[in-house]
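Below, chain A partners chain B and then partners chain C, in two separate complexes.
Right after this comes the complex of A and B.
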């Protein structure tokens, strides 16, 4: 269980999140909605240990996490996979898709990198000829699939998706949703979906939270 | 593909060819001159002062009877050397300052950038003159003077590039994948910053050449007997009053042509490095 309690984040004087709490258990799919600028992405970044809140704590399985970004041990960071809204921005434009997927594996000095990359690419439906291409030579949907494969690299217990299908066509949206659901069922992962799309939300999520309604205590 | 490249690049192709040819011959002349056409820097020939351009002396002679064309080649050699080394010095200083500011951010960034703003507020030629005045005259003083006054733009470029990279989602993705600071720095930040840094260095070379010429023209650069383009233009001033226009013409023309050629080639390279243009070229 990943829990956020009393999260407060301010950019300058503007308070984006004010004492927000939510929890995500393994095996469930939680939808998070709210108007643009309400702080959904910020909350997701806090949960992903990428943004330090002004107040509040994030804990995993009851253990409070101190620090953010580099100061969190890699073994803890890699338990949470993140899928960002724009695959263009989330992929280093210099690297090939294979390198993008292999990046977290290289960090962990895995020995079976090429086999694992092929396996991950297969999971998200990327063909071998696409793997040698760079981001500018593939479509947004193909790139987002590579980003999803990268997020799966360490078999995370939790997957956080930040409007991850908003920029994609309907077919790719459906494919990504299917791949994530499969992964969730196989690994009993907790999935948090941030989206504007009410249809996608009701079809996909076990329960839906509205950011405006989130109370100051975990539910 | 070739047609596309020609149509989409902002610099016409013949200009690039001419500029490259000019640069290659200038570099070759500078490198080979001591072997093919040695010059005794302190030799004078008072029997042949202020001779107009002729077959024997294509660019004439100056008021000490020295061959202007011959000395121009040596002057160019000095200018290019000083320009390149000074640009390198400026890049190293700017890269370090910008790198620290952009990586650490926060108060360190604010303090360093205020220092940059302060130095930028001083007229850089004046500052250069001050630095030369503090040191023993010679090549080293000129290089330092140019290097210490030209690192500001590089520092700003590196800093802003790093600051913008730091907030990009692909850096977040790398961190989320378990990458440490060192890996993010070497694998994601430096590969994006280095091409820009190299470009900044080359863009600075023509500027540094002009700066060296200006210092020598003011009599603050190299010792007067050594051939440098600035020294020669300065020496030529006296001859101008007596009607001899040629001693300053050739060094002046050479400096303009070579720096223009350098700027042209660099502009082309910058076009190619610009990701938007590059994406167009590749599609």
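Right after this comes the complex of A and C.
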């Protein structure tokens, strides 16, 4: 279980999160909603160990994690995968889709990288002809699938999705959701989805949290 | 939603085709589009990303890059003789069409706003250029859900949703008879999506026309009078909205609606084809559960669905 407890974050003088807590167990899908600017993305970035909160702790299976980004041991960081809203902003435009997927594997100096990339690409339904292309030559949906394959690279126990299908058409959204659900069932992963769409929330999440209602202790 | 029979058309698009020449390929971006838009009509153009929806809008405004080859006609009616948007001189488009007779809500507002001016200055400048009092800025902004204080911010100080609403306000300020809204609700949360859609609907109820380009089928269902579904550069189904959402007839349109989370939430098997290498015949046939031998021949839009085996026709 990944838990955030008493998370407080301020940007300048504006406090966007004030003592917020939530937990995500393996195997469950939690939906997080709240109005624009309520701090949903910020909370997700804190959980992903990308943003250091002013107060509060993130812990996995009861062990508190200190630090963010590269100061956290790789074995801990790789237990969490993230899928962002805009694949264009989340992918290096100079790299081919295969290289985008391979990046986390190369950083970890893994062997058998090309076989693993082919395997990951197959999981998200990307064909070989797409893998040699760079982001400008594929659609948003195809690029988001590459970003999803990249998020799966180290087989994370928790996957955090920040409006990851908002800009996609219905068919691509359903495909991404299906791929994530298959992964979740194979690896007993916990999935957090942030979305504005009530229909998507109802269909996809096991339970729904409203950011405004989150108490100062974990639930 | 009312579907009144109208005899006049505001925009008549006939056999509109757009090709992009690349060094080693030709992109079939838009193929043989025939669409008529009447005053008061809200037409939603829906489809997957990369199907040619935005190119269609840009072709109508003469905003395509130099490697584009455009054929067909797009007659814009109004006072005086109709203008063919596809052959009109760029000076005419710039002086009398863009903004004035056809407004555009661009897809990425962040790149459409002048970064060194506040929203108020941008909006007042537009109002003044179109002979409206500057004092109306607050009213126009309020119509899209922006407060007077929001207007005093610079574009970089706006959230994505606020920038989107400012771009919409700028397009509405000249009160154009035809508005092209290219994904005007992307980045907005549901209450703001609905508010923006209601603004567009209101315009149509007052006699203006709107072409809403969107991937959001729920948005189209909320406000559209008619829906055109594009797949791989062509319109495959074009029908009144109520009938379309109750029972789509093209297998692609059916599959697209079935992908919605409040319907089957089922993805469409396979991939959309590359616009540089479209298959002969129906482009959806490789993914279509109803495909047969005759699908190797391109079906025409007769009268409102381009399919040899439309849903509802089979025994």
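By our rule, the second predicted complex is superposed on the first by the 219 of 219 C-alpha atoms of A that agree within 3 Å, B and C clash if a C-alpha of one lies under 4 Å from a C-alpha of the other, contacts with A are read in each partner's own complex, and residues count from 1 in each chain.
The rule is short, and it goes like this: a residue touches a chain if its C-beta (ideal position, glycine included) is under 8 Å from a C-beta of that chain, and two chains touch if they have at least 3 such contacts.
For clarity, every value in this text was computed on a predicted model and none was experimentally measured.
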First (chain B), second (chain C), both or neither touched by A:69: first
First, second, both or neither for A:167, with chain B first and chain C second: second
Chain B versus chain C as contact partner of A:90, first or second or both or neither: first
Chain B versus chain C as contact partner of A:200, first or second or both or neither: second
Contacting residues of chain A [partner chain B, same complex]: 45, 48-50, 69-70, 74-75, 77-78, 80-82, 84, 86, 89-94, 103-104, 107-108, 136-137, 147, 150-151, 153-154
Of chain B, residues touching chain A in the complex: 168-170, 172-181, 183, 187-188, 191-192, 275, 279, 282
Residues of chain A defined as touching chain C within the complex: 35-37, 125, 127, 139-142, 166-175, 177-178, 196-200, 202-204
Interface residues, chain C side, partner chain A - complex: 47-50, 159, 161, 186-192, 215, 217-218, 255-257, 259-262, 265-268, 271-272
